[in-house]
Amino acid sequence: PRSITTEAVTPSSSMKDSFSKYAEYLNQFNDKRERVVKASRDITINSKKVIFQVHRISKNNKDEVLEKAEKDLSTVKDQHIARLVNELQGTDFWKLRRAYSPGIQEYVEAATLCKFCTAGTLLNLDEINAMLLPLSDPSSEPLQINILDYILGLADLTGELMRLAIGRISDGELEYAEKICRFVREIYRELTLVAPKMDDSSDMKTKMDVMLQSVMKIENACFSVHVRGSEYIPLIGSDDASYTLLGVPDFE
Amino acid sequence: AAVEKQFDEFRHRLEESGSLRDRIRAVATEIESTTRIMHSSLLLIHQSRPIPEVLEKAKTQIDVLKQLFSQLGEIVRESPGQYYRYHGDWRTEAQQVVSLFGFMHWLETGDLIIHTEVEEKLGLNASEFGLDVEDYLIGICFMSNELPRYVVNQVTAGDYDCPRKVLKFLTDLHASFRLLNLRNDFLRKKFDGMKYDLRRVEEVYYDVKIRGLASNGDPKGDQTIQET
Amino acid sequence: PRSITTEAVTPSSSMKDSFSKYAEYLNQFNDKRERVVKASRDITINSKKVIFQVHRISKNNKDEVLEKAEKDLSTVKDQHIARLVNELQGTDFWKLRRAYSPGIQEYVEAATLCKFCTAGTLLNLDEINAMLLPLSDPSSEPLQINILDYILGLADLTGELMRLAIGRISDGELEYAEKICRFVREIYRELTLVAPKMDDSSDMKTKMDVMLQSVMKIENACFSVHVRGSEYIPLIGSDDASYTLLGVPDFE
Amino acid sequence: AAVEKQFDEFRHRLEESGSLRDRIRAVATEIESTTRIMHSSLLLIHQSRPIPEVLEKAKTQIDVLKQLFSQLGEIVRESPGQYYRYHGDWRTEAQQVVSLFGFMHWLETGDLIIHTEVEEKLGLNASEFGLDVEDYLIGICFMSNELPRYVVNQVTAGDYDCPRKVLKFLTDLHASFRLLNLRNDFLRKKFDGMKYDLRRVEEVYYDVKIRGLASNGDPKGDQTIQET
Amino acid sequence: AAVEKQFDEFRHRLEESGSLRDRIRAVATEIESTTRIMHSSLLLIHQSRPIPEVLEKAKTQIDVLKQLFSQLGEIVRESPGQYYRYHGDWRTEAQQVVSLFGFMHWLETGDLIIHTEVEEKLGLNASEFGLDVEDYLIGICFMSNELPRYVVNQVTAGDYDCPRKVLKFLTDLHASFRLLNLRNDFLRKKFDGMKYDLRRVEEVYYDVKIRGLASNGDPKGDQTIQET
Amino acid sequence: AAVEKQFDEFRHRLEESGSLRDRIRAVATEIESTTRIMHSSLLLIHQSRPIPEVLEKAKTQIDVLKQLFSQLGEIVRESPGQYYRYHGDWRTEAQQVVSLFGFMHWLETGDLIIHTEVEEKLGLNASEFGLDVEDYLIGICFMSNELPRYVVNQVTAGDYDCPRKVLKFLTDLHASFRLLNLRNDFLRKKFDGMKYDLRRVEEVYYDVKIRGLASNGDPKGDQTIQET
Amino acid sequence: AAVEKQFDEFRHRLEESGSLRDRIRAVATEIESTTRIMHSSLLLIHQSRPIPEVLEKAKTQIDVLKQLFSQLGEIVRESPGQYYRYHGDWRTEAQQVVSLFGFMHWLETGDLIIHTEVEEKLGLNASEFGLDVEDYLIGICFMSNELPRYVVNQVTAGDYDCPRKVLKFLTDLHASFRLLNLRNDFLRKKFDGMKYDLRRVEEVYYDVKIRGLASNGDPKGDQTIQET
Amino acid sequence: AAVEKQFDEFRHRLEESGSLRDRIRAVATEIESTTRIMHSSLLLIHQSRPIPEVLEKAKTQIDVLKQLFSQLGEIVRESPGQYYRYHGDWRTEAQQVVSLFGFMHWLETGDLIIHTEVEEKLGLNASEFGLDVEDYLIGICFMSNELPRYVVNQVTAGDYDCPRKVLKFLTDLHASFRLLNLRNDFLRKKFDGMKYDLRRVEEVYYDVKIRGLASNGDPKGDQTIQET
């Protein structure tokens, strides 16, 4: 019996040629995306471990704890970020940004936290990027963390600094906490002007709200130590003027 | 102060990229408005105006588009390696361009416009500022959505050979798409829609066939589409 | 100067001992979860490729297309599911279910689709699970796909069958489409009684709605072919009774 | 028919697991209600009732809980290898039990109850039906939340030695938790809360100290908590 | 003591209403599960099984439902004047029952089941424990949603007279609903949805009619819809 | 005192605007209910009742609407320059009125009702209390949504000339809308929907044409759409 | 005709219950506005105005509320046995009334207002139109939320005996609530919140005590909370 | 032709209002960016920089804002009587301006900025282009949200008199707002939030007072809040 429909189930060869090119392109690209996602997950999980290591500091073990954290951090860089760099070699970094952005943000969070604890300063984007340079093949354009991921990581940093500040107050390191407070306030203030200019500012808006909460938590903790400390002198009348509530003469 | 300096620079750079984006959006809006005019001209095809006349009118916009894409390319090249950062701001418009060029090309030649042909018509250079492959494919799906309507109106106007030609073309196109492993949900959804276009064209072909209206009852192995 | 706070930054040794055990447990467990997630992603992406391969069938290339699909499917099993089995060896399969469930569901979708196309029947859970048995070390409890993941995969299968049916109608294989229609209707009907009993039935509720949409899309397509086909005989009056609209005498 | 048979079996199995879940929920509800009674008894500690009296009353519920967990274990064991399938249905209750046992244990001994001790008290057997480690840890965080309130009320009632003891304990506990690499967001959030408990207890300790009310001004190296 | 006494009484009352609600939910769950079985049987209608056979199977559940509603009524009557306090706990199920009874009744008689007929079939007594009017109306809307699918499948199976009958029924039903002044609530939304059912059935009738498949075979000038 | 005085005044003003809004909402609700009645009458057109009869019934509501809009205008004029402050409270209703008037006008004359004609029928005065242009356009889009249904039902009832007329009207209307530069808003979305109405009417015209049912009976070479 | 008759009746009944609900909402709005005025007067307590003066002003609204509840009762009684059908429309307001009456009663007498006392003050008759027990309990929880603020402000103003009294009251209230078996619902959530009120009051009492500000001036060994 | 003419005119009018809106949005974006700079300067107040220095820096933006609002006014006046048509496009920005001006005014004078003062500072003229009352009120609520943080940081920096002053201000402000009859809208929600600001400031004042840190140094019997 006849059939009405066309029998041409195989497309014309020129069309087929074009489409096998498209198909190959899509296959390779999707595979690469998968590898990038996996590298990003590894960067995230190992950066989180570095952050936890930092939270293990107390008054008397700073050096050893931070030394280990820095070591772990460079392992993250050398092992996992290196993998990412390798994958992205030669592609437009922006095309796969959504696939690796979470890992990079967490790495920024860990790296800036370490730096603040060791040096008391903000690790600049240029400094981080300089550290990444050796990972790239000199012949192709090196992977550089973009402003957006750096800022998003920084926004999360303030949450970790809040935890650090509460811990430091418990350990009697009030000045350390106040230093964190000033630092976080400064970051917050700077970001108020930068946040609305981000590519996707709605995410950042939420992060700004959370950041303000963190700032206020530190401020409230400092307030509380302050008013409580005020009772010391009138009641005890000690002549030991350095006897503040949770004095930390050994900080720095 | 170091902190302040860094953030000053950030603000500066973000403002720069913000204004870049504004300029991109401005060009994209013009592209959009040009494709609307082009589409408007092409719509007359559904009222059975002669193809050459319709195409001629639509083609007057090609140079405008070429010009706009050249502007777009220049803007994007200011920020090297960041094509995909701003891609979302013009991709819908690019897909629409592909769809229209594809339809016009098919009307003229009976063939599928290929990726590099679109780039060429727009004066794009793949190594610097090219057309994304997925945008090309999505645009082709949009083009396919126009075909059932075209077939229905052509038959209404008495052109009974049209269904056969469109059916041949759409069958080939559909088979080609099946070679792809799609991941992107949007593209896959668009491709699913192509199945319905194909079905609709088949139905029209059938309607014409059983009434003995088709000029040539045998659709097999026919390669005469290009002859038109 | 004296400090008021305790200096005991190191916990008492017994407490520390317990906590290092907890810490080790959590570290190992989280690492395992990461590996399971990655295996699951690989299973997903490769099962999706199998599904696309199946959609490449047309009237004349069924055997070769399906043969390749089946081959690819067993590669997914031998390479990626085997990895999963290896990771899960000896752990409670339910503990990490959320980490591997997406991959398993996609695999079920691919496997049942292949089976329907080759044999026209539903691949049973027991049959799939029997195929997985050789992957497990005989000494430990073998990984078996649970009912829930099987059913969730089956629910997605109907979407693929809908695509298949529309394609078959285009290719003139109306009977094939009707067969799919009956099959999908049966699955839908069976699942109406099963769905509300699922562990998390809210997810399933959405899938049931989508499934009904798929069933109706097939029914509408069959309806449309039917009414159109009805015009043939009165107008042409052909004596060729087998000349139906999109007759597919060569199907089966 | 094969399909039908399979689905019949599925329905059967799902009904089974559904009814299993119902039975688990029923036991969990009883556990919840028993822990409420226990908690209610323990609350009297905030009104400065003598510890032995309070504990005695609370302890009467331990056997009830043991009994209920034994029922739970039996039900769960009916479905081997699926502990974690139903885990979500009783974990909140288990955490609450850990919290209460931990508090009672601390009141009695000054020490942290350890994971296996909780299992023992509940008659659990880790190899068959044990206590999940995360549940244990979350329960311990809940316990920590009770301590500031306890300290405040004890000081109000004139027990000025309490802040020192609690501070020592909580400092140790906090240091121990820092050894963990937490992933689970809920547990991490709970652990963050422990920091605030610690701070509050420090504040009370400070209040007592500067007023010369603490029995022993020197908190260093004190291991006398157990002596109470 | 007055306070204590009061709280004793409260506990008592809350436990009572809590357990009442539990019992209602238990019966409602059974109703739900029975309607599912019924629905499942009715689904066979789409596979062109003979109506009597399909109905017979579905009808076996009517007695079960009657029994369950009698239980429900008894429970609710324990708490006189509080029908609407617990109404929310079974109304979805009641609407589903109406929908199914309505569909079966229509299959059998071609007529709309009326409110009192549903009550009768369920053995309800409006003065004591009746069927809420809104629930009846919502259930009828649900029934309407089933009709387009039924029509499509009937035509595919060769029953070309079905669209006309359904269209007549749905047009009347829609007109009846329009007489109500509906508030902007759930019922209104459901009723607005009925418009789409009507439109779909009109389209199916159109498809059949234009091809001369409708029973009178003549696509021209047929006015028989109005004549019925 | 300045503060106190300020807040006194604020209270006064807020109460005033609150009550104004309440009154507007009350009138809008009545408009809504009147358009429902009108719509209900017009629906009979789908059952092939004679146009004059249907229109006559619907027209009885025009005076009611005029009266209500006059009330609305008076209320709004109490607060000069604040038309757009309260606009959101009645615009949906105004769009519905446009849609109905537009449909009736088309049934009567075959032409599009124009903006000033609607204002006139409602007794509005553009300089004081007019009809917003966007509301007019949205209402026209709603009217277009009714046309495919009308065509389908007319053909079913044997009026084979209807599709051609509606297609001509809708093609022109669509072309007119294309002249507007619409922003990406609600109106644009509604207009995009009009494309589907047009396509559906083309399909019905095709169905009629290919079966030789169109008035001139000849499916070949008919160019009569353009000739009109 | 039976169908038509049925729908006529439905329309009638739905209109009736719709208008009933409108009238209930209107009264509830007035209740809400009266409780706002009452609350506003009571807020002065936080600025240390003398209790009698504050209460006197607030009490002027009691009669208004009584009047409104009497209206409410009349409306609801029009539709016998449907108290709970409309209950959701006024329950938030009723809870607010309980909260305010409870606070006033406590300020005056130091005791908890009991359920029947609220009914009495509102002129309600439990057998006809009473106060729902859950609403009473939720209202009491709202009242408890006000107490920490009251204590803080009283201490600031120099009333150091207040924390002890409030703590006693709240401890008792909390213990009473613990006797109830609450379901996992809104009331349970509100009750869980009461714990925080209690904790805050304990903290204030602690602050006062440790600084020797409590009336008996002696921070040591004071057991007077229990003695009261 | 009437239709064509009509659509020509529509295109014209829609383009006009579209471009007006674009220009308004452009100015609003600049206002937003200016208020950000202002806000950023004001944030230094939390780091205990001297008030005059902080204010001076912030004030440099006032003229910029005045200038921008003058532009805004000019644009809006082009389209008389349509203030509220475009109001939504700049109201968030206006609220933010009110909030900042209110905070600065309070820092300078201790008083609430009143509505006309804001208009004056912005060079607005109520009769032509004024500040909407609701925007003013919402802005004041935003300002209130800043106060608790300010008080906490001032106390930490050693200014113990600040809580008393802020509490006085906020209590008065809250009382003023209570006089308004707010609808259940955005403003009402913002106002309800003010209660939490008030409560937090009360707590800070309490903390300072109970430790004898308040200016008069005497924690007992101080009634000076009321005396002001």
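To keep things simple, chains are lettered A, B, C, D, E, F, G and H as they appear, and every chain counts its residues starting from 1.
We adopt the following convention: a residue touches a chain if its C-beta (ideal position, glycine included) is under 8 Å from a C-beta of that chain, and two chains touch if they have at least 3 such contacts.
Note that this is a predicted model, so its numbers are computed, not measured.
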Determine the set of chains touching chain E that also touch chain H. F, G
State the chain with the largest centre-to-centre distance from chain G, centres being mean CA positions. B
Using CA atom averages as chain centres, what separation in Å is found between chain B and chain E? 48
Please tell me the distance, in whole Å, between the geometric centres of chain A and chain F computed from their C-alpha atoms. 55
Please work out the Cα centroid separation of chain G and chain H, and write it as a whole number of Å. 34
Quick check: how many Å separate the C-alpha centres of chain A and chain D? 34
Got the chain F residues that touch at least 2 other chains? 181
Chain A: positions in contact with at least two other chains: 4-5, 7, 9, 30, 45, 58, 170, 193, 224, 228, 231, 245-246
What chain pairs are in touch here? A-B, A-C, A-D, A-H, B-C, B-F, C-D, C-E, D-G, E-F, E-G, F-H, G-H
Give every residue of chain E touching chain C within the complex, in rising order. 32-33, 36-37, 39-40, 43-44, 46-47, 149, 152-153, 155-156, 204, 207-208, 211-213
Hey, which residues of chain D end up touching chain C in the complex? 2-4, 6-7, 10-11, 13-15, 17-18, 21, 81-85, 87, 111-112, 114-115, 133-134, 136-137, 167-168, 171-173, 175-177, 179-183, 202, 205-206, 209, 219-221
Any idea which chain A residues touch chain D in the complex? 45, 48-49, 52, 55-56, 58, 163, 166-167, 169-170, 221, 224, 228, 231-232, 235-236, 245-246
Using the touch definition from the top, list the residues of chain A that touch chain B in their complex. 4-12, 15-16, 18-20, 22-23, 25-27, 30, 92-95, 97, 121-122, 124-126, 141, 147, 151, 186-187, 190-191, 193-194, 197-199
Given the complex with chain A, which residues does chain C contribute to the contact? 1-5, 7, 9, 30-31, 34, 37-38, 41-42, 45, 58-61, 170-172, 240, 242-243, 245-249
